[in-house]
Each structure stands twice: as structure tokens, then as C-alpha cells.
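Look at the two complexes coming up: subunit A is in both, with subunit B in one and subunit C in the other.
Coming up: the complex of A and B.
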């Protein structure tokens, strides 16, 4: 732990970073995001099994940006998020320093996008066997069963938009659900509005989701939202190749095309 | 109860399929009158929300049609649209939306007969599937479009 705290103190003292985005102790024995700006406060930083949240979501918040150059305590999901944000021109080279706590207590410091690309683990970016099983299980249901399953899941939605707030890729300054001329998605949390919101969220993340699982983790009513993203990412990878969050220069799957994209359903 | 008459919404691009549908008419080819044609500049203009909105507003089936690959008036709109549809179909299928009701086609300005065949086959297809009440049951009663037995 001291490795991380030392690294954070060095960065803040030398002025290389103005803020360290990391984890601190939270209520009920949990961990919470912590912004450290004062080198004497780095003792509050922790990193252990509780620290699972994707802190990259804070990188584009105006309140955090205004603090100056950030260093961010990173897991693999954070690295993938930074690369995806870079490929979308939201983060520039050397805009952010990633601090990767290592098993031996040391900290790996990544300064450039190139270094982050080198540190991203490709196997971590693909679906785990459990995630794959979950997708296969739902896909093996009949269409009517899938419909009932998802209607049941969506029926619990409160439209709190925690999934949006927790997602590093949901950074639009005006989200489509706040547009009301025309009103594409009904505001109330009724079945139509809920389904509309979740389909829109999934489609707007198509080819961009880095599979950090933060949407499902943030959901207060436990809707497995990441499955919607995963099924799209799987399709994008199979049909168009490529995977979000592995490269700072990748182009967006849905704004590019090849003339021989395969379809099986167009007459 | 009267026999079920399907409502089919067609989103067509103005340069190919709309002209093709026009040719169907000028060629005096008769086809099912269940289709409501909505003209858009290009298939690339068709947001996936159009599909959901059409179902919400009472469509039982949907046709999306535009220029053949390599024929887009704007060079690449249909290629972009194709990618979007590939992804959208995978998502809708996963959440259990009845993708048998959503039909994609390329119909050029010279294919008046193909347009008639397309509409006829989609209408008979949707007639067999029946009204899409399953989807419309998600709509709260006070905003449900009138005249739909749910």
C-alpha cells in the first residue's frame, strides 16, 4: 500500500499531477472514490479487493478536469477506458498518469498512451467464461422467454440513470433522454420508457463498451445491464473485428464500414 | 371481430426505394395497401429509434429499404446503415423483440416489381404473425395509440 501512497505523494509534491484519483475507505467497510490534492493526505489512499469501481468516469467530469492534470489509480478496466476515451479524442497523450498497483506492493507508473496500450491485458478485455455462459443461457431461451426475462428485469428500473453516471463512455453533455423536442424516450419509469432507455443506452455504447461492468454494479435494482453491452460487443467483434479499449487510435466500429460487411438478412 | 389488417411502416430512402415504389405505381403493379411509406434522405439517416417508435405508434411490421451497396447517392450512407442494422438486430433479438417483423431490403429505382413483391411478402408474413400486441403492452394505457385492441 505504501508504494501507491509514495507514488501519489511524489506526483503531488513534484507538481506532475494536481490530483490523484484513487480509493479511500468508505462507509460500511466499503471503498469509495477519493480525490487527493494535498500530499499530506495520501495516507487516506487504499487499494485492495474492495476497489473495483472504474474511476475513469471522473476523468471527463468538469469539476475534476478543472483541478488540473490527474493521476488515476488504475485497474485494467481503467486502462481500457482511457484508451477508448483517447480513441474518441476525449483524452490526449500525457493528459493522465495511470498508477497500477502491483501484487508485490509496488506501483507501475504509465505516463503516455503508448505505455498504457502496452500495459493493457488483451485476455482481460474479452468475456470471462461466466459472462459467456450467461449470454449463452439467455440466447438459448425462446424469443418469448427472452422477452419476458428482459421485461421482468426492466420492470424494476427506476430511471435513476446510475448506469449512465457510472459509465466512463457516457460523457455527452446532453443525453438523448434529456432531449424533449422530440421526446424519443418517455421519461416515466414505465415498461415502454424503461425498455427505450436501456436499448438506447446499449446502442449508443455499441462498439465503445470496455466491459468494465460498472453499469450493472451501479444499478440499485440489479439489472444485468452489462449483458446488453456484451452481446453488442460480441457482435461487433465477430462481424467487424476489433474490440473497444485496446487502442488509442482505433476507429469507431459504427462510423466506419467495409464494402463487404456480411449480412444475412437484407433482401 | 374484423379480420386483422397489418400496419406496416416502411422507411425508404428518397433516391432508390422511394423512386422504386413510385415506379411500381406508374407501372400499374397492384400491391398490398397496408404499407405506410416514410421517405428519408438516405438509409444512413434512419436512427434505430425510428424502429422502436414505429412499433410504439402501432406498426405491426417494419420495412427499411434503400439503395443497393455501391449505389448510395451519398456514396456510403447505406454501408453505415448496414453496420447499424447488424448491431441493432443482434440487440433486439437478445432482448426478445420479434425481429421477424423487421425487414431490410435493397430496392433500386428500377426495381418496381421487387418493391411490390417485398411489400406483399412482408404483409402476408405479418398477417400470419398477428398484431404486435406483445410490444404494445409495454405502453401505459393513457398514451396507447387509439384503436388498438390490446
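Coming up: the complex of A and C.
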């Protein structure tokens, strides 16, 4: 902990970073995102098992961007997000410093995208056992049953757009649901509008989702959105190879063609 | 308020037989914004077009919908009629009630209803159409011809003679292609080289043609009228300005046993060589894979004997860059080798040869000086079997098409053989004799009737060697499948014509489509046979499909006519149906967030990056920009853009949405 706080203080004092995006203590014993700009406040930074949220979502928020160069407390999900954002031209080399708390209390500091690429590991077990059970169950359903399952899940959606707000890949300045000339996706939270929103969002994330699970975590009505995205990511990886968030220069699976792409998805 | 005119065509009976056209017109007259709605027997006829022109003027129409055939047929006709009457042509749309309705449904109420729906959809679209104006792009009046065979030569000469400059790129050390390898040509039996070499010389001497032999296309960028190409000029290891073509180097080269590509492997060449005596240019190349100096570091005999000191062992490939306005792909074909046929010995019998190898044996300039000698022992072949459809028309071999030239050249081979070896026996095994062409059937009859070539209808199942002879086991299907064994000295396979080596790679470089056999695809098999789907790139010769010389030459002239037509204007008008990136007021500037995922999706590389700057020159945002010269209006970027920051002019999101809602 002190290692992280020291590193944050150094960065802020030297002016190398204008803000440190990290975690602080929250209500009910939880952790919440914390933006530290004053070197004397670094004592508020914490890092423990409660700190699971993907902080990378703040990197592109205009309010945070206007503060100056950020340093960010990096979990693997944050690193993957930074790389994916870089491949989409949203983060440039040396735009952000990543601080990785180590098990021994020290901190690894990553300055460049290349260093981040070196530090990122392949996302493997990002699901909890319950989530994995749920996924297995969905997989065992027939096509029609699966459709009904998701209809059921989406029927609870309030269209609060918390999934969008929590997702680091949802950085569009005007989301498709706010485009109303024409209004492709119905606004009301009725079954058609909900289905339209979630399917479009899932497609917009296909090949881009870094599987941080933030959408499901943010959902107030517990729709397991991350499972939908996770399966699509798996499909994309199988069909076109590659995974989102492992390289700052990766090409987008859905807009590139290679001769060894499979065509089994054409039925 | 929109003032839309609807014109429903009967197309004779094509539409009116199943669709109640009068009713469609009547229903549409009740749609808000439609101020004029009529039906007529032939809208595309002159009176029909006059109806449209008059209505535009009299009723002040702001949009026109013609319910008729496919826009691929008559959209230009009706748009021109609208333009004549002063209406922007892009405010005219067609509802396809023929191919999409009357032709595919029975006569019924529902058919008429569907036709009405199709028209209603287009009315909603036209209501949202904006006037568009053609895009003007300049034209570089230089053509690039890829391939120096007879197709490339003909195309290059035709373009050059029309007064335009031509850059010709040939992969081999000399131009001439396969035609230079042939002995005689059907159906006239005139010497192939005698008719080709004057053309080769003409190419070399033509002031408008720049020739790059031993060169390959490295890359292509740009678009019709404005291509930028890079050409890799492979190192010949010769200073071409000093070399006089005396041939002393090849004469003294110690590596003499290399199979000659020009002789299709039945003759040999040296490591420094000119492929054939009439080569253009007559400058040798060093085949570094077989040169002793390049392989073992010792020799340098050519350097010692060269009287002008023209040998350059350290020469490297150079890249030549050029701007061209049009490209003609004339890269030709290959023939399958004998090793493709397990039933004919996998190519292990030296006396089983391909048609191309027979051409070299029969050629006066070939390794046997025109005598039909067996490659194995050099004796004169007394019995020769010719097998057509070796590989072609054989789904089991994966080549389902007809190679087209084999029937004719095998008849020619048999004839040439009989002219050279009077007492010899010639057999041709065939499936069908395909001799469609001027004087072709007569030619084959001559082989059978005057030169007594034995034609046997049937296929050869197997060839094996026995006592120095090749036993050809076939069947005569005209005699009820009676088995026939011929003990032959020489077997000639009319092997399948296949796409040239590297055809797929080249097609990808040029962004042109190709068929499953890697032959380049034409834009329309009947009406646009020399164009590709990429504007400004044309096809000539056997790179498109198996072709004989007369067809190749006429197609090459056709491609040249297209190029010359393109070059007849100083600027090109292009359809304004292109993508545009949305722009709006600050602080958003554009819905585009600059993720540039569209950049890699664009098949025409039309997406560029545009910096939006403030007055101090600081970059506020980087957004996508569509190069209007490159964009072909395919709409891939539109589909990919998450925020719909890109719209296709003439097919905007709003228009498509309105069309759907109207249904």
C-alpha cells in the first residue's frame, strides 16, 4: 500500500502526472474510484481485494482528460482496456502511466504502450464459479430456449445505461441510442427497445470487449451481460483469431480479412 | 412540400401481365406528396420519357419515381430524361416492380399490392433525396500494361498508337509470352514467331511505350485515372546500357544443363542467358539460383569474356514509381504439367509431354530443330498419341471447365507431325471435338481426312512403359467401349489451361475479383467482358479464362479501346454515390470519434484522417474523412460505424429507415 502511495506522491510532486486514478474507501466497507490530484492526499489511496472496478473507463471522460496526464492504478483489465483503446486510436503512447501494485507491496510503473503490452497477460479465468455455471447452462439450452432466456433477462432492463457508463469501450460522444435521425433503437424500456439496445451493444463490442465484467457489475437488475460478450469474444477468437486488449496495434477482427479466416459462420 | 411524380411502366406485358399497373398508379396518387401518378405501356420509349419530361415541367415535380425494371437497366435513361427537364438526376429513383415482383409472382391481388409497396418505399426515399452532383477527377493519360504476351503487346500497341504513353511490365526476361514458344498457329499453320516478332520489335521501338522486362508489379494505390504504381525491376546483373547483346557470355557460361523455361523443359540453357534468339530486349540475365559465382563464389567467366564490361554481380533490384490512369491486366496462363496425372505416370516417363513441350519439339527454333524426337533417346517418334481433356472438364481433378484451345492445338500437332513424319501414325483421344471458330471445324476435318489422323472418341485410363514403348490403354466409346491399346513412342497431353502463377496475389494487389480457379473476373460476362469491377482496370487475354490467339487479340484491342475511351477526356465524372463523414458544430465537430476501425474495413483505402484544429493550430480532434476519388460507395464503413457518423449519399440512414418504415 505504501509503495503505491509513494509512487503516486512522486508522480504528482514531480508533475509527471496531473492526476492519479485509483481506489479509495467507499461506503459500506466497499472501495470506490478516487482521483488524487494533491500529493498530500495520496494517503487516501487503497488497493486490496475490494478494488475490482475497471478504472480505464475514466481515461476518456472529458472531465478527467481536462485534468492533464493521468496515472492509473492498473489491474489486468485496466491494462487490456488501455491497449484496446490504443488500437482504436483513443490512447496514444505515453498518454498514461500505469501503476501495478505487486504482491510484495511494491509498485511496477509502466510508461509506454510497449511496456503495457509486456505486462498484460491473456485473460483466462475472469468468470466466477457461479457465472461459469450460468454460462454452461446457457450453452446447454436449445436455440429457442436461449432466445427466451435472454428475453427474460432483458425484460428487467430499465435502460439506465449503467452498462454503457461503466464500459471503457463505450466512449462514443454520441451513442447510437441517442442518434434520433433516424431512431434505429426505440428509446422506451419495452421488450423490443431493450432487445434492440442489448443486441446492438453486444455487436458493437464484438471483437473489442476486454472481458472486464464491468457491465454486469454495474447492472442494477443483475443482467449477466458479461456472459453475452464473453461468448461473442470466444466466437470472434475462434473464427478470426486474436483477442481484444492484448496489443496496441491489433487490427479489428470485424473489419479485416485474412485468407485463413474461417467461413463456418456463413450458413 | 414534396411534389413527386410516379410513373408506372407496363413493360409491354412483362409487368402488366401479373400487376395491375393502373391500380398501382391510382393508389399512389393518394399518397401525400404525390402530385402526379400515371401508367404507360413502355416508360423507356421516347413517348414514355416525354411524359416524364412534360410532367416535371408542368407540375413542377421535385422528385420522380419510375416503377419499371431493375435500375441496372434503365436508371441512366430516366435520370437523363429528368436532367433534360431540369430536375437533378439524383432526384429520380426506380422501383423495381419487374425483377422483384411481376416476374417472380403469379397474377393476383397480392402481387399488385407488393408492387404498390415497392413504389411507396421509393416515394419515401425520393422525398428525402438531395440533389447530388457528379464528382470530377483528373486523368493521367498513361496506361500500365501488365504482361508482355500477345495480349499485352496488342493492348500496348493500340493504346500507344492512339497517342498515349504506355508502361509495359513483363515478369520474364523477354516479352513474347507463350505465343513466342509456339511453332505454328491454327487454323492457318503460319509460323507463330514470324507473326509475333514484328509486333515485339514494334513495342521495343515505339516512342510511346516504356518497356520494363524482368520486372514485377510491387504495389498499386489510387483509383481510376489516378493510380500510383510501384514496379520492382529485378536485377539482371547486367548494365543494359553497355550490353550489346553479343551473346559471348552465354556461349562461355560453364553451366549449360539448366532446363530452359522457354523450351518448356525439353531444351537447356546457360546460367547467363537470353531466353530465345529474337528476345526483346536482347539483353541477358543471370539466373542467380544456377550461377556458379552466386552459388559457390567462383567463376566470373562472363565478366572476363564480356567485351563491354557490362556484367554487374552487385546489381540490386530497383523500384520504379509511376502514375498511371488505367491498368490492363494481361498476365496470361500456364498449362498443367504431366506430374498432375498419376494415371499417366506422374511425369516420370520422359516421353509423356505437354502440348507446350510438343510445340518446342515441332518448332524450327526448338531443341530438336523441328524434328519430332523423343526426349528420352532422341529417336524419331513413329507413333504419337495425343490426349485431349487431360485435366480439363474433369470434376474429379478439380478442373471443371473446358480449356478451349486443346482440341485445336492437338489437331494442329497431329497435322504438323504427319507433315514431318509422313509414315508415322497419329492418334487423338478426345471427349468431344470443340472447333467453334472461323475455319476451325474445317481445320480439324483436314487433319482427319487429308492427313489421316486417327481420332478415337474415348478417354485414356492408363499409360505405362513396356520395352521402351508407352502402352496407352484407352477405349473407343463409338465402338461400344471397345478397349484399345496403342504402343506409342510419344504421348502428348492436352493439359488443362490454368491461371498464371501468382494470379491470386496479383488480383489482391489490384483489388480485382477472381473466380475459384484464380482467373480474373470480368464486370459482366456478356456486356462488360473486358472491364473488372474495379474502375480503370481492364482485362486482356487468358488471365480471364482460357483463350486462343484470335480471341486474345480482339479482347486486347477491346481493352485498349476502353483505355483510349477513358483517356479521351481530361477529367472523369464519377457517380456521387459516395460515403461522407458527418460534421457538426463545436464542441462535437463530428459524431466520428476517430476509432478508425473503418479504415481497415474499406476495400478501396478511401478512409483518410482529418485533423480538426482551432485557430491557434492546435489539434482538437482527429476524424475520418472519405476520399471522394477513391470511394466506390459500397457502404461497408457505414455498416461498421457504431455511431452512424458516416452516411452514403443517396442511401442515407434516414432514407433507408424511411423506406423500411413505409413498408
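Assume the second predicted complex is superposed on the first by the 246 of 267 C-alpha atoms of A that agree within 3 Å, B and C clash if a C-alpha of one lies under 4 Å from a C-alpha of the other, contacts with A are read in each partner's own complex, and residues count from 1 in each chain.
Here is the rule we use: a residue touches a chain if its C-beta (ideal position, glycine included) is under 8 Å from a C-beta of that chain, and two chains touch if they have at least 3 such contacts.
Worth saying up front: this structure is predicted, and the values here are computed from it rather than measured.
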| query | Counting only touches as set out at the top, which of subunit B and subunit C does A:254 meet: first, second, both, neither? | reply | both
| request: Quick one: name whichever of subunit B and subunit C touches more residues of subunit A. | output: B
| request: Please indicate which partner A:191 is in contact with in the superposed arrangement: first for subunit B, second for subunit C, both, or neither. | output: first
| task | Examine A:173 and indicate which partner it touches, taking first as subunit B and second as subunit C; both and neither are also allowed. | result | second
| task | With the two complexes superposed on chain A, say which partner A:181 touches: subunit B (first), subunit C (second), both, or neither. | result | second
| said: Tell me the contact category for A:90 with respect to subunit B and subunit C: first, second, both or neither. | reply: second
| task | In the overlay, answer first, second, both or neither for which of subunit B and subunit C A:143 touches. | result | first
| task | Share the list of subunit A residues that count as touching for subunit B in one structure and for subunit C in the other. | result | 184, 254-256
| task | Under the touch definition given earlier, write down the residues of subunit B that touch subunit A in their complex. | result | 48-49, 52-53, 56, 69-70, 76, 79-80, 82-98, 103-106, 118, 134, 137-140, 143
| note | The answer for subunit A against subunit B in the complex is residues 138-139, 143-151, 184-186, 188, 190-192, 195-196, 198-200, 202-203, 206-207, 227-228, 231-232, 234-236, 239-240, 253-259, 261, 263, 265-267
| field | subunit A residues within the subunit C interface of the complex | value | 88-90, 171-176, 179, 181-184, 204, 251-252, 254-256
| query | Which of the residues in subunit C end up touching subunit A in this complex? | reply | 588, 591, 593-601, 622, 640, 642-644, 653-654, 657-658
